[in-house]
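In what follows, a structure is listed as structure tokens, so that the remarks can point back to it.
Order as written gives the chain letters A, B, C and D; numbering starts at 1 within each chain.
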Amino acid sequence: MSHDDQNESGMPSALRRKLLMGLAAAPALAVSGIARAQQFPTAKVNTTHLAVTDTEVTVGQLHSATGTMAISETGSIQAERLAIEQINAAGGILGRKIKVIQEDGASDWPTFAEKSKKLLENDHVAAVFGCWTSASRKAVLPIFERDNGLLYYPTFYEGLEQSHNVFYTGQEATQQILWGLNWANQTKKAKSFFLIGSDYIWPRTSNKIARKHIEQHLSGCKVVGEEYYPLGTTNFNSLINKIKIAKPDCIYAIIVGGSNVAFYKQLKAAGITADKQFLLTISVTEDEVLGIGGENFAGFYSAMKYFESLENDNNKKFVAAFKAKYGPKSVIGDVTQAAYLGPWLWKAAVEKAGSFDVDKVVAASPGIELKSAPEGYVKIHANHHLWSRTRIGQAQADGQFKVVAESPDLIEPNPFPKGYQ
Amino acid sequence: MSNTDFVLAVEELSVSFDGFKAIDSLNLYVDRGELRVVIGPNGAGKTTLLDLICGKTRATQGSIKFRNEEMTQLPEFRRVRKGIGRKFQTPSIYENLSVFQNLEVSFPRGRGVFGALAFRRTDDVMDRVRSVAGEIGLAGQFDLEAGLLSHGQKQWLEIGMLLMQEPELLMLDEPIAGMSVREREITAELLKRICQNRSMIVIEHDMAFVEQIAHKVTVMHQGKILAEGAMEQVQNDPRVIDVYLGH
Amino acid sequence: MSASDILNITLMQGFAGLSLFSVLLLMGLGLAVIFGQMGVINMAHGEFMTIGAYTIYMFSQLADNYWHGFAPVYFPLAICAAFALAFAAGWVAEWALIRHLYRRPLDTLLATWGLSLGMQQVFRSVFGPKEVSPTLPDWLMGSWSPKPGLDIPINGLFVMSLAVLMTGGVLLALYRSRWGLRVRATVANRQMANAAGIDTRKTDRLTFAIGCGMAGVAGAAFTAIGSTGPTSGSLYIVDSFLVVTFGGAASLLGTVASAFGIAQMQSISEFFMTGSSARVVTLLTIVIVLMLRPQGLFASKVRRA
Amino acid sequence: MDPLNPSAGVPASPDRAAARAGLRPAPWRWLTTDGYGSLAVLAALILVVFPLALDVFRLNLMGKYLTYAFVAVGLVMAWGYGGVLSLGQGVFFGLGGYCMAMFLKLEASDPVSTKIQSTPGIPDFMDWNQLTALPFWWKPFHSLPFALAAVVVVPCALAFVVGFAMFKRRVGGVYFAIITQAVALILSVLIIGQQGYTGGVNGITDLRTLLGWDIRGDGAKLILYFVNAVLLLVAILCCRQIQRSKLGTLLLAMRDKEDRVRFSGYDVAMFKVFAFCVAAVLAAIGGAMFTLQVGFMSPSFVGIVPSIEMVIYAAVGGRMSLVGAVYGAVLVNLGKTWFSESFPNLWLFLMAALFIGVVMAFPNGLAGLYDSHVKPWLARRGARSAS
């Protein structure tokens, strides 16, 4: 392993210094790596013509580096890079270094489809870490299923999906929504809810689930409004007035992209601030706050499984490494962390399966635990989603979240929630 | 409205642009086979009159009867199909097409979209193109790109394009502007020949030329008709003299 | 719901309409000058707005990091800077690109579209792909509440007054200044203007640059109500064009009127149906009107030469 | 204007080439940008060379590019010849694609394979949006003939309505461009908003079979590629016939002296409408072929951005050259793919440079370069061999 690799690698600085001082450590690692490689001959670990050599395994990374979605997907790109470098620094997988082919989906679903084809049929990558929007995932899904590829998808999403070829490292809707609503109802005594969202599948499906839950499972609660605005809308004054009429206990917001910023700025300007109004969202992470501006979002609540401010050792290491690599100003949102899990979950599964073959990896995955996850502890469910906790964070003026509540135990993923469809 | 046997009967015609009356309740009658010349100082409304007749401009009020048929509501291309041809002041031909194509395109068949698709270069087309080309003295230059013709030839070509359509009424706006003396004579001859079996309205300033060709002269001034009649009679009309010399 | 509530809502909804009106007007003005007066389609209009937005960001960074007393007052300064920067960029663009393409409007359209792509990538390389948020002075982000239940957004008021100022400015400039005279002369008849000793090339460049500068101001103002990112400009471009064409490219008053019309249509329909359907209704109305009155609401009727 | 140097207007030289060609075939005629020779070269390229040179993946990619070529060819007719620039071709591409996709989706969502849904037998996205029955206007799309007819008729009808309303009122150029843009915007907002009926942002995905024939297999891809290629060549031939006809000459004439044409008794508006409709239909066919080869359709084609990108294909190829348009579409997309693979952060600059460069330096695109450089050389060769 070369010198720069170590500098590149986002290992906690203490550990890195140690390695830098005694380069002896590096060869040692490498040697053990080769040893393991011989222990797992390529012929055995790769029976399906994947891009696996005695020293290397190639994976793909497919996100939007350009276009409107780059705003959101950059964090995921960085986190996956970090994870892969750390894995390599620790000797790789089955003694093989991970080589990454990065493709740009350019915020354009057809391009995502094209690039995923390229990664699977041309480069024969062993796994792909990528996609962010549901639309891009829907576009690549048939390709992954046909070519029997392996996709690790980081974003919290609407659910209603479960594929042999995809692992969902973010939360599906019910995990993110239900517990949060219960909390709003019990702790915040919210009885009337106003649901708003950008006009596409994730917000609509999520609000559908929320509405069902509010009306059927929360006694005496009702939905006093449900509104959708086209993606990219920059004027919300009318909506805000509707909210003022409805006077809900809780605004439940699922707005994304540039609209997000406009909405919260105008909300504040209209006098709807955290001290007067309780607002719970599932679409604002530390990344979005960058754009909205901490002072404009302070006091509102976000329901996520991860916040940068989480107090645990895994997270401290992770945050330190991330900032060491991407600068002290960089922030880490829920999806970024979920993206970071991808490579590690894959590593664990491959090593359990003792093979890179997709079917074996998939078969080995259910039940795999990740005790080192920044968000704490996660476990892969048979339905390819993760058991995870849900937290409520209250936004601070500095753009960070203060965790005010946390689900007592892991929430089971339930992508096809009965009674919610 | 009077029922007339005139080819063209313009009655009480007016048009105003943002209040300014370019043509003011004007009456004009043109006989079959007549070659009428319209003269008058600049801004008298001569060109506007032609614009109104061919439909380039819409009349504010009044009627334009062509062969006893009201034209004011018809779009340009319909009026053309009825038999009104109009030549513009500056030679308006298809610079990028060959002389032949310029004439062929003007042949009055296949004028609808699908007609144009189905149009074939049949003998009658060729004959017509040849005869017209001969008429305007461009028989030798079929393949020449029209843009390369001399100014005079361009004028003739445009006249030729109109002849292809065999219009009942042919309107020419200053056909000899910028022509050499020789070219003017040829043009005069040409006009005399082609007005045999059709009526014509010609706008012209060059009095010598007007004298050569005009059957009847109409003098316009400030959107109205000032005088009308034979050349010498008009020339001696004090009001006309006043208009031309007075200022 | 009490009568006073209804009154408040009506007032605030009316205000919503007005503030959308001023937003659209700010978007449209710069374009109205460029497109309306010069007939040039500037597809990069949105990106010139983004220049303004990032200018605000840079100033706010200065304020945050170096000079804290600066924070409350930097905004007006930054807006002037935004105008200056966008103006400069516009000047360069005209010199490098536009001037070669007069008489070829459709090609200008393509070229400026290319320009906008390039500018987006520049923003991305300089400021990073993520959105940024300038820390705005507190006096701008609050709301003015004359009586309980009635909150008037101050940033709305700000945008509104800015819109009024700029419209007034443009009208004055066009109809009272040498530049305006030159512009109108050039629009009316280029050759004549040349003959009359007007340097039309310089006039064009100035006009284009001024239009871009105004876009910059608009973009700067929108940091108070919208997002700032490499692709923020694309959120505005279409609306800007609709405003200008709907109003009738030739007349500034048309732009004002159409901005008002569209804004009211939008905000009223938004109030009575969901946002998406409101959007569609508005757009459809615009297109249908444009089909019936292709030259826009305020087309000046002249003899077709 | 100096008669020796007619109209410095952009596409002059190809016009003249075409015009002269109409009468006197030059010795090198067979290889002009619109001669049969160049068409033969193109045919050889896409029917023989590509299939032999490219693996199935790349070939399928090429097939996708060739679907864009339909749009580009259409734009040559509407923009190059008709003189009307539409910034809404994505609308027609999308409509064509959606008509095809609706049929395929219905076939893909038979009750068996959708049994996990709360309402089996309807497309999955409808189920997610609590639709419990197929909307009436989806029902006819159970029939392939209807779907195919719709692919052509729906876009053509829309183009006719828009075109007729505009051109009859003498709206052209910029205004037309902007209005077509607005139409594109409306349609994409509609599609995204009405996701219960359209699939929303995701579009209509996961299309599998055409009358039971799996369109995802390599064999199918190969066949579809050839179908697409042949259709494209046929389309080009048809357009060439239109250009050669009197209508083509008239379109050229209109771009030069519209009034003259009008006062020769032609209804100019209808000719423009026709050109626009042709462009629309071609775009729609491209869209349908796209759906078949890529396996899904999404609103991201309908919007403004893709529509403008489609214009650049024609511009690069040469707005007057049908064959050139194909090369334009293919090259731009190749460049896009290659650049975004090699330098993800540079390809926007490339696109920018392409737009600006083509407009400023090569207004007639590749075809223009060919006409101004290669052809004269061929001419000299031809002349020498003749003597």
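The rule is short, and it goes like this: a residue touches a chain if its C-beta (ideal position, glycine included) is under 8 Å from a C-beta of that chain, and two chains touch if they have at least 3 such contacts.
Note that the structure is a prediction, hence the values are computed from the model and not measured.
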item	value
Contact-graph separation of chain A and chain B, given in steps at minimum	2
Chain whose Cα centroid lies at the greatest distance from that of chain A	B
Chain with minimal offset from the mean of all protein Cα atoms	D
Top chain pair, ranked by number of contacting C-beta pairs	A-C
Intercentroid distance (Cα basis), chain D paired with chain C, Å	33
Chain B and chain C, separation of their C-alpha mean positions in angstrom	49
Rounded Å distance, chain A centre to chain D centre (Cα mean)	38
Averaged-CA centre spacing for the pair chain D and chain B, given as whole angstrom	43
Residues of chain A engaged with two or more neighbouring chains	65-66, 199, 228, 230
Shared-contact residues (touching 2 or more other chains) in chain B	56
Multi-chain contact residues (two or more partners), chain D	189, 192-193, 345, 348
Touching residues on chain D, where the partner in the complex is chain A	55-58, 60-61, 64, 116, 118, 125, 127-130, 189, 192-193, 195, 200-203, 205-208, 216, 294-296, 298, 300-301, 337, 340-341, 344-345, 347-348
Residue numbers on chain B that touch chain D, as the complex places them	54, 56, 75-77, 80-81, 85-86, 88, 92-98, 100-101, 104-106, 108, 110-113, 116-119, 142-143, 145, 147-151, 154, 158, 161, 165
Residue ranges of chain C touching chain D (in the complex, touch as defined)	35, 39, 41, 43, 97, 100-101, 104-111, 113-115, 117-118, 120-121, 124-125, 234, 238, 241-242, 245, 276-277, 279-280, 283-284, 286-287, 290-291, 294-295
Partner chain A, residues of chain C touching it in the complex	1, 5, 8-9, 12-13, 15-16, 19-20, 23, 121, 124, 128-136, 141-143, 145, 149, 151, 153-156, 222, 224-232, 234-236, 266-267, 270-271, 274-276, 278-279
Residue numbers on chain A that touch chain D, as the complex places them	65-66, 102-104, 106, 108-111, 113-114, 117-118, 121-122, 133-135, 138-139, 141-143, 146, 158, 160, 199-201, 204-205, 208, 228, 230-231, 416, 421
